[in-house]
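Each structure below appears as structure tokens.
What follows is chain A paired twice: with chain B in the first complex and chain C in the second.
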Partner chain A sequence: MSNYTGSEIFSSKTKVDKKDSKLVLANMIWVSFALLIGGTAGLLQTLVRSGQFELPFGIGYYQLLTLHGVILALVMTFFFIMGFQIAALSRTAGSFSTSELRLGWTGFWVMTAGTLMSAAMIALNEASVLYTFYAPLQAHAVHYIGLALVIVGTWISVAGQLMRYFRWRKENKGQKTPLLSYMTAINNVMWIVCTIGVAATVLFQFIPWSLGWVETINISLSRTLFWYFGHPLVYFWLLPAYMVWYAVIPKVLGTKGFSDNLARLAFVLFLFFSIPVGIHHQLVDPGIDAFWKGLQVVLTFMVIVPSLMTAFSMFAVFETYGRKQGARGLLDWFKKLPWTDARFVLVFIGMLFFIPGGLGGIINASGQMNQLVHNTIWIVGHFHITVGAPVILTYFAAMLFLLPHITGRKIDKIANRLGLFLAYTWALGMGIMSLAMHWAGLRGAPRRSTFSEYGGADIASEWITYQVMQAVGGSFLFIAIIIAILLFLKLTTGPKVNDPEEFPVAMFMDQEEPVVKWVENWRLLIIITIFLILIAYTVPVTQMFTENIPGAKGFKLW
Partner chain B sequence: MSEERDKIKKEEKRNEDNHHKLDLRGTFMMVMAIGGLMLLSWFGAFILFMERM
Partner chain C sequence: MHKYEKIWISLGTASLAVFLIILGISAVHGGHTPAASGIETINPEHVREDARFSEPGLKEATDGDHDYDLYFLASAFMYEPGEVEIPAGSTVKIHVTSPDVVHGFQVVGTNVNMIAEPGLISTYEMTFDEPGEHLIVCNEYCGIGHTDMTSTLKVVNGGIANE
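After this line comes the complex of A and B, so read on.
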């Protein structure tokens, strides 16, 4: 069993353990399947909304929308995150022990079983309730049980990962933990704390209600518990991408990261401020006092701090690199960046998308101003240029080096070129589609709705051009998905080499400096996290129990 | 002679990793530009919101 310390962590010769690699690969196979199925569903949705296409074989629009959300937002991301984090730990802390690995595999199979159960219900049109499973829409109980199993599967896998991280700390007392391993631990702790909300609503509300054990459901409570989980879910997707930005990309450039301590602090701030903010998804919901909405808006804005810290760090790395290459002017260092390296280009384009994504997020969360965009397709555009661009493009970049690394191959010229095509096609498709969604949303076009002329209303006719644009963007995205699948096949087949692709891990300019002590004090971090959650949620949730909110019966409107 | 060269190299290396000796004019400008965009987009949405009140 390996235990990496010092320069071993950064060596290009250090590899993800072979046994751990198999588990990583299993997770990545799921990612590829999910991407293909979810992407196809996405394309069909945009075609339906253009008004030029009708779904065959009795497939429903909302059935497809549920499939798209569940398979991409939950299944694909979860399998990727589990696989990537296991690889990051194995690469920087050292191989998993037998029991840790067993937990990883058990988690994988539980997630697989849950996914298949939920997928079966969606395929049978018994669960067209969208991935946010909004009550009073009521799906078959097996759908909720399946999704609960997916979450339980992640807990089991996360337990193995946390055991690996804490074993490193125990075996290397007083030493700075490897940054990537530390980052996985932050993401995992955040995940455990936030999934308690969704577990509570599924176990105590949705399952008994869908089985007919209770007649009604408290909708306010179910939505609040869902969004208590639903917003940190966004950061659970995002933080693995940030891991690549902070700890991998500088090495891809052949330079150092800006600051190890800054990166750790940014992750700690994400842990603190990702969870007590879910009510910003419910700003127009009744039943929550305006004060508590306002408080969570303020807490939401705190997330801008680590986001700008990340933007600063990345620009600093790029500028330092460009200046080392001879750049002298204010911005000519951009020209020196490796524009032919797909690992970099995929990530860089993702970063560019994140700028308007972040700006839109601030608008969405701005209290009453949320009414401007609430339940419009602007929101769909927003999360497509956040999770659908920076996050997914970084996942692609990670798979670009990870797949050949764990299967004993190299990124060759063809694979690199496919990666570049993927980046450009994705950017084009996502750019067109999300821009159209943002503009249509500002003109009032609703989200979560199939094509309709709304009885010939003038305003609805304004949306049609944008909906056609969305179909054009969606078509480019589908082409990009085909390129991605071809790329994954290229990276995992063909002759093996003696010196497989590197999993790049960067050193930082302040590598020799000691870590700021309190950021590794887990007891303190968890206490602050829970304290903030209690402040933000205790009163609004209590009111949902004490104010006699009438329950709702289940509806099946599809 | 070689000792002196080593010393200079070490000094250069130290400067390379010293946050205070980095030339980050471009980074400053880019981060300020993001801040500017943030204000512009927010006020744009705010004006639209007020118009529709």
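After this line comes the complex of A and C, so read on.
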């Protein structure tokens, strides 16, 4: 119940509360389970696409692809983010109150119920609509209700987290809030604002339509509301990874973070510029005027600024550390980094993937270049080296210290070695697979497509060569996932110790300086966020209502 | 802010500005606006009764600054026409719509790549200079026969542009 302040926040003795730990662990069990299922689906997909393998038991390729997307992009990430943020708050702000914790558990069970409902529909082949569920392909109503419950579950959990943050603020008026707690609040506020879009389309469009209460659906509107949520979704995945980069990794290195104020400012910019940009996923959609596409492209590129700030901070920390270890010359510090600490190596490899990942993002979001790669497998390559590498590898690094921390254990030599193997195997598999995807995409290979020779077209046979490479990469990734599962088991079993693994929380070089006031002025932040959304979306969404676009009936074509 | 940080952020922001200016000039001056932009509606249940899509294919343009209109119907799971020939050097305005679900329309090896939605017509204007054969594929998942959707666009010598 009490709040952590001052040096307590950074002490290696400070722990996530015991009761809170149970909730964190429950979320993390879902993460492991989802990873295993989703990873298996992924492996099978790459094998099918190689042309050398056919699915048994009447399982459909698109059924599997739906499972892969829903269980990894939504279920796994959501449970991780809820669990990690609860841990981060409990560790830096202090333990949850009874009511805050109850919200966390309620959210967890609502998300679980929703997941099981959707999973059942996918298993019954009633929902092979992929994770974007584009209308007018029409899944069973229970699938949409399940997805809605997953979102509602996150809201309930997030409500408990926000209450925890604001209680700290209220009880410590005028003080700088703990950085990690502040970051969870930014991510949660962004989440609430953006999920309103997907909740609206599911509740008011998909559910009535799939139940047969209304005959047709407004497709442009449903797609636009989906992407109003779908792009901030990727930042919702990313920001917990950034929390680790900014606030945990410096402590892992035994040094200080670069700047607390800069970190907060970067997060504020992500709040502003994550949402009014979803139309860059619809650049070649009909129903939207070129001007509004262009405007959202410009807004999209604003996230380059906080991204560059983050890159600078990270390398500033690394160099500072290396020089403290006695590095001289221009790049000698690089050798001094802790290359045998799995927590660091997992994150660092993730960061390396993020460099081409970010560049690819710039290509995808620019109107003209998008047209060349839109819906090709280049895009799939892109999000596997963003969410599928920097984000997930950082999640693994977080679980590496968090799992023993909350279960009273330590990272031993074997666990650390498994972590290193995980990092290298993942890098190898993802490197091969994503490179093949980018290459094939540039040559026109479409995404979301099962194995096909396209009537024997020459170009299609070139694509198949790359698809075989993807299966090789996919196989390494599956091995990496097995290593990850073994690692999680290793971290949560075995003898307990008196001084469990630390949840590292770093101090910053500007720790004593006061926080920039306006970054904690939530009213101002929310007003600016909504103002940008209104500018970007008012006209295009209004046009979808006023231009009399005929509605579409539902189809079940799988 | 640290001095190096200022340099880094200024350079980054400046290159971002240059990049956006290039995009803007290319869009406004070069006419490279995204495909399928704008709102042109059609009733998806009566697409085949519409004069433009009753017999989809290449038609000589009656207005505008392009030579031909090329109408494509993307449905589950085929394109109509299944093959089309375009005279090299001609400027073609492509119109695509769908009577059922969302489809993709990607002419492999060209810049033609757009989404077809029921209720709307997606258009893109393009000049085909190089003779050759292009595979057309659906790149938006539309159901079990998604990868069966193909057509061929052949750019051939002869025709209006060469007369």
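Everything that follows uses one rule, which is that the second predicted complex is superposed on the first by the 558 of 558 C-alpha atoms of A that agree within 3 Å, B and C clash if a C-alpha of one lies under 4 Å from a C-alpha of the other, contacts with A are read in each partner's own complex, and residues count from 1 in each chain.
By our rule, contacts are C-beta pairs under 8 Å (C-beta built on N, C-alpha and C of every residue); 3 or more make two chains touch, one makes a residue touch a chain.
Bear in mind that the values here come from a model prediction, so they are computed numbers and not experimental data.
**Student:** Have a look at where A:I355 lands relative to chain B and chain C in the superposition and call it first, second, both or neither.
**Tutor:** So A:I355 only meets chain B here.
**Student:** Contacts for A:L308 in the overlay, against chain B (first) and chain C (second): which applies, first, second, both or neither?
**Tutor:** A:L308 sits against chain B and chain C alike.
**Student:** According to the stated criteria, A:L137 is in contact with first (chain B), second (chain C), both, or neither; which is it?
**Tutor:** second
**Student:** Which partner does A:T40 reach: the first (chain B), the second (chain C), both, or neither?
**Tutor:** Neither: A:T40 stays clear of chain B and chain C.
**Student:** Using the touch definition from the top, say if A:T106 reaches chain B (first), chain C (second), both or neither.
**Tutor:** neither
**Student:** Once the shared chain is lined up, is A:S366 touching chain B (first), chain C (second), both, or neither of them?
**Tutor:** A:S366 contacts both chain B and chain C.
**Student:** If you count the residues of chain A that each partner touches, which comes out higher, chain B or chain C?
**Tutor:** Counted on chain A, the partner with more touching residues turns out to be C.
**Student:** Considering only the touch criterion stated at the top, classify A:T320 as touching first (chain B), second (chain C), both, or neither.
**Tutor:** In the superposition, A:T320 touches chain B alone.
**Student:** Return the residues of chain A at which the contacts from chain B and from chain C coincide.
**Tutor:** Common to the two interfaces on chain A: residues 258-259, 308, 312, 316, 362, 366, 368, 371-372.
**Student:** Would you mind writing out the residues of chain C in touch with chain A in their complex?
**Tutor:** Chain C reaches chain A through residues 1-2, 4-5, 8-9, 12-13, 16, 19-20, 23-24, 26-27, 32-45, 76-77, 100-102, 104, 106, 108-109, 111, 113-123, 135, 137-148, 150.
**Student:** Which bits of chain A are touching chain B when the two form their complex?
**Tutor:** By the definition above, chain A touches chain B via 256, 258-259, 308, 311-312, 315-316, 318-320, 322-324, 330-331, 333, 355-356, 358-360, 362-363, 366, 368-369, 371-373, 442, 509-511.
**Student:** For chain B, which residues count as touching chain A in their complex?
**Tutor:** Contacts found on chain B: 16-19, 22-27, 29-31, 34-35, 37-38, 41-42, 45-46, 48-49, 52.
**Student:** Once bound in the complex, which stretches of chain A touch chain C?
**Tutor:** Residue positions touching the partner: 60, 62, 65, 130, 134-137, 219-220, 258-259, 262, 282-290, 293-294, 297-298, 301, 304-305, 308-309, 312, 316, 362, 366-368, 370-372, 374-376, 443-444, 446-452, 454-455, 457, 459-460, 543, 547-553, 555, 557-558.
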